[in-house]
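Residue numbering begins at 1 within each chain, and the chains themselves are lettered A, B, C and D in the order written.
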Amino acid sequence: MWLRVGCTLEMSFQVESPMLLLLRPRSDAHQWVAQDRYAVFPGMPIIEYTDMYGNLWQRLTAPPGHFKVEVRSDVQVPATLEQAPGAPFVLIQDLPDQALMYLTPSRYCDSDRLGRLAGEIVAGCIPGYDQVEAITRWTHEHLGYLTDSDPAPISALEAIERRNGVCRDFSHVGIALCRSLSIPARYVVGYLNQLEPMDLHAWFEAFVGGQWYSFDPTRARPDAGRVRLGYGRDAADVPVFNQFGPLVLPSRMEVSVEQITVPIGETPS
Amino acid sequence: MWLRVGCTLEMSFQVESPMLLLLRPRSDAHQWVAQDRYAVFPGMPIIEYTDMYGNLWQRLTAPPGHFKVEVRSDVQVPATLEQAPGAPFVLIQDLPDQALMYLTPSRYCDSDRLGRLAGEIVAGCIPGYDQVEAITRWTHEHLGYLTDSDPAPISALEAIERRNGVCRDFSHVGIALCRSLSIPARYVVGYLNQLEPMDLHAWFEAFVGGQWYSFDPTRARPDAGRVRLGYGRDAADVPVFNQFGPLVLPSRMEVSVEQITVPIGETPS
Amino acid sequence: MWLRVGCTLEMSFQVESPMLLLLRPRSDAHQWVAQDRYAVFPGMPIIEYTDMYGNLWQRLTAPPGHFKVEVRSDVQVPATLEQAPGAPFVLIQDLPDQALMYLTPSRYCDSDRLGRLAGEIVAGCIPGYDQVEAITRWTHEHLGYLTDSDPAPISALEAIERRNGVCRDFSHVGIALCRSLSIPARYVVGYLNQLEPMDLHAWFEAFVGGQWYSFDPTRARPDAGRVRLGYGRDAADVPVFNQFGPLVLPSRMEVSVEQITVPIGETPS
Amino acid sequence: MWLRVGCTLEMSFQVESPMLLLLRPRSDAHQWVAQDRYAVFPGMPIIEYTDMYGNLWQRLTAPPGHFKVEVRSDVQVPATLEQAPGAPFVLIQDLPDQALMYLTPSRYCDSDRLGRLAGEIVAGCIPGYDQVEAITRWTHEHLGYLTDSDPAPISALEAIERRNGVCRDFSHVGIALCRSLSIPARYVVGYLNQLEPMDLHAWFEAFVGGQWYSFDPTRARPDAGRVRLGYGRDAADVPVFNQFGPLVLPSRMEVSVEQITVPIGETPS
C-alpha cells in the first residue's frame, strides 16, 4: 500500500538555534520511499548524517525569527503487519551482533528493575513471540491513554506505577519488559495510518524467531500502514526534533497520513 | 544554486534481470537534496543499501519485458567550484584513515605504472593542489574527446597511449597520475550543468591541503553546477546501472539538468 | 609509559551460560597494545565483534562448571593526562556527527533532570573545559566513596541524592551534569595505574575545545596511567562481563596494573 | 588446531618513511587470536585503524636508519578446510549487500575480459561451488609456479598469457574468472601451515551456497592451517607492508608457522 505522509512544524526562535531533525523517512527492508520533499523556511544550509542506528538526521542552525519545516513523502509499505505466533525465543548466543545492544537498559527502559513483573506477565507463554504479545496486551490493558497532555518522558517503571501515558510510554513499557527477559527490543518512531487524532506515533520491535517483528501496545489491534522515521533504544535516541538552547515549543505541528493509489504525482512521460 | 536533475532509462529484458542502480543523489557536504522522485515501471520491490564508499544503491529484479526507471531531484549545490592554488601536499602520515584507500591502484587507474610520467608533468610545481592542476591541464590537452562513441572502459595507461577517450577515461588518467604521486584521488559520477551534449558525467577529486577538491580534466574551465551520484576508486565501482545477465543496452537514456529558482514545485501551505 | 595490565575472572556455572566480555584492550589514539594474551578455561569457541561505539567484545558460551578467563596486555599510554584549561565550549552546530549521541540522556545519566544544578555548579566558569573541571571537582567533593560495597547501579540523580557511590556513580554524575549543559560526555571503563585498592575503574571524557579530554571525579588529582577497555553512554553499555541466565557472581576477580620498562617479555631475536 | 605464526621484517631507510602495515591477525569467524605480540624497533608511535574491508592496519613513520618489525601470534583455526561440492550459485538478487563489491573488476582482476574463457573452463559444471573448483583446478594446471623470482604484480589476463606466476597471480586468475561468472570472489593474504618454502601466502574465497569458501589455486590439495591477515578485492588492497617514499626492499623478511599444542606460553596461574 502507498501512503503519503507529511509533517509540518513551525516555531519562533529568539536566538540562533541549532537543531537536529529526524523527519526524512529512508528506504529500508520495510518501506520504499518513491518521492520526498523536504523544505525549510527561511532557506538555510542543511547537512544530513547517519547515526549509529542507521537513522538519517538533518542538522541545521535556524536563525532568529519564524522557522518552518515541511516534509512530505510517498512511501510503499506492507498492507498487513507481519505476525508470527509461536516464533521462538532466540538464544543469546545465536543473536546477531547488531541485536545485542537492544538487550541493555536505556534511559527510559529500566529493564534492570522489571524482571519479576515480566516473569508474571508471560507465565505460561511459549518463549518468544507469544511472550512479546502477552507483554503488549498487558501494557495495553494496564495503562490508560493520556489524550490531553504530553507530559515529560518518564521511565517504564514510572509509567507502570502511574498507570497511564502516551504512545511513547506504552512503547517504553513494552520494550523494558522484553529486555528483562533477554528479548532484544527497540523503539520506533514514525507515522501510522488512520491514527486518531493524527500525530507522530511510537511503537516497538522485538527480535524473535530470527527477525524483528512490530508490536504496538497503544493499539488494540496490530494495524498496518506504518512509515518509520527512526529506530533507537528508546525515545531519548530519536527525538524527531531536537532543539538546543532556550526551550521553544512548536507553535504548530501538523501531521498527515493519507492512503494514495498513484505514488507519483505525475504520470510518467 | 538550485539544479533540477533527471535521468530516464529504458530497456527491454528477455529474462528476469537483477540490477543495481546508482541513480538517487544523496545529501552530503556538497549538496542538499530538497526533493526527489524515483519511479520504476512496472512497479516492483526495490531495496536500498549503502556501500563502503557511502553510495546509495537501489537493488531490484526487473521482470521480462519493458523496463523504465525515471529519477528526478532538486538539489542545492555551490554556485562556484572551490579552488585552492598553493594548497599543500598532505604527508602520508597526516592523511585521514579514510583517504588512504584512494592511494592504491584500481581497475582502470594503473597508477603503479605512471610514476615517471607524473613526475615529468608536475616538474616545478609546488607539491599539492598545483600538481593536481597541472595533471588536469595536461590530461585535458593530451587526450582528444570522443564524441561519437562510448568504447569499453580502458585503463589510464591505455587511454594515454590511445590519446583519446570519454569523460570516464579523462578522469581515470587524472586519478592515476595523482595516485602515482601519493595524492589520494577518487572518481565521481554525477550531473554537470550545461554539459554539451547533456549526459551523465565523470570527474575526480583529489585530497590536498586537508580536504577534497574537484578537478575535471574533460573541461577547459573548472565550472560549477555539479550533482554527485557516487564516489569510487574508478568507474568499476560506480556503474550507474549495473545489469546482470545477458547484456542489454538501454533503448533510451535521457539526462537533464536545469537551473531552477524555486526548489520546491509547490508553494508551502 | 608502559603498563602491564591484567584481569582474571573465575565463576562457577550450573548451566550453559552465554557471555559477552569486554576484556581485550584495543589500540587507539590513546594507547598502543604491543602484546596481549587472552585465555579461557576450559577451551571453547570465542567470536569477537565490534559494537557501534567501536568496542571489541568477546562472545562465548561457557559450559556448566568452573569458568576462568585470564587476560593480560602490555600497553603504551601517555605519561601525563592531557589538560586544557580554557578550552572552549563547542557549539552544537560545530560538533562532529559522532559526538552528538553523547548529548542525550542515557540509562544512568538522567541529564534531562539536572540542568538547574549544573547551572549552579558552573556559575562563573568559562564555558567549556573549565565547566567540566568544576563539575568534576563538585562531584568529587559532593559524593562519599563507598569502599566496602558495590551496590546495584543507580542514576546520577539518585547518586546525588544518596551522596555516595563507587567510581561508576561518580562518572555518571559527571557525565549527566555535562550533558545537561550540552557538552558531549562519555563513560570509559578501564585500568588505572596505582589505584588503591586495585580494581577495574571508570571515569569519563568530555568533548571541549575540539577533542575529548579525560576527567575522573573519583580521584583528587588528574593522574595518568590509564588503559581503556571500552566507551559508552554509561555503565549499561560497557559491562566488562555480561552474563545471561541465572545470576552468578564471580568467585574471584583479580585486577593488576604494573608499570614495566620493557614492553615485550622476550628480547627480539 | 593451534598455529604460532610470525613475521619479521627488516629494512634500512635513508629518510623518514611513513608505512602502512597489515601484520596483526584479527579474530573473526575463521580464527581466534589467543595471544599476540607486535614489536617495532626502534620504538615509535603506532596507530591502528580498520579499513572498509575490516582489515586492521598499523600506521607509523619510521625514522631514518634500521627498522625492524616483529610480529608473532598464537591463533586457533579449523583443522580441515571446509568444502561443499554442489553448493549452488547464489542469484545476484539474493546476495548479501556486502558481497556485491566483490563482483566488479579490480586492479589485477580484469574479470571484464575473461567471460568467454571462464565459460569454457566451467562448461558442464553445476553452477556454484563446482564451477569455482573447476576454475581453481584449471588455474593450478595452467600456470607454472615461479619459485625464484617475485615479479611486479600483473593482471589475471596477463598472468594467463604469461602462463606462470606466484601465489598472488594464481589467486588473481581464480578471482577474475569467478567474477566474470557473477560469483563474488575476494583475495586473502595470510599464513599457510607447512608451505614450502615458508613465506606469506595468498589465496581466495568465493561466495557460493550462502557463504564464503576458501580456494587455493597454488596448491594441489585444499590444505588447512590458514591464518588470515587481510581481505581485499586483489593484492592492491592488502599489501602487508606499504612503504611510501623512495623504494626500499626489505633486507630480511622471515616468516614462520609452527603447529603448537598449548596456545599460551605460560601455564595459567
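Following the convention adopted for this analysis, contacts are C-beta pairs under 8 Å (C-beta built on N, C-alpha and C of every residue); 3 or more make two chains touch, one makes a residue touch a chain.
The model shown is predicted, which means the values in this text are computed figures rather than measured ones.
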item: Set of chains whose contacts include both chain B and chain A; value: none
item: Separation of mean Cα positions, chain C and chain B [Å, integer]; value: 44
item: Gap in Å, rounded to a whole number, between the CA centres of chain D and chain C; value: 36
item: Cα-centroid distance, chain A relative to chain C, in whole angstrom; value: 30
item: Contacts with 2+ other chains: residues of chain B; value: none
item: Interchain contacts, given as pairs of chains that touch; value: A-B, A-C, B-D, C-D
item: In the complex, chain B residues that touch chain A; value: 8, 26-29, 32-39, 41, 45-48, 50, 68, 70, 263-265, 268-269
item: Partner chain A, residues of chain C touching it in the complex; value: 18, 20, 49, 51-53, 57, 59, 61, 91-93, 97, 100-101, 104-107, 109-110, 112, 152-153, 182, 236-237, 239, 244
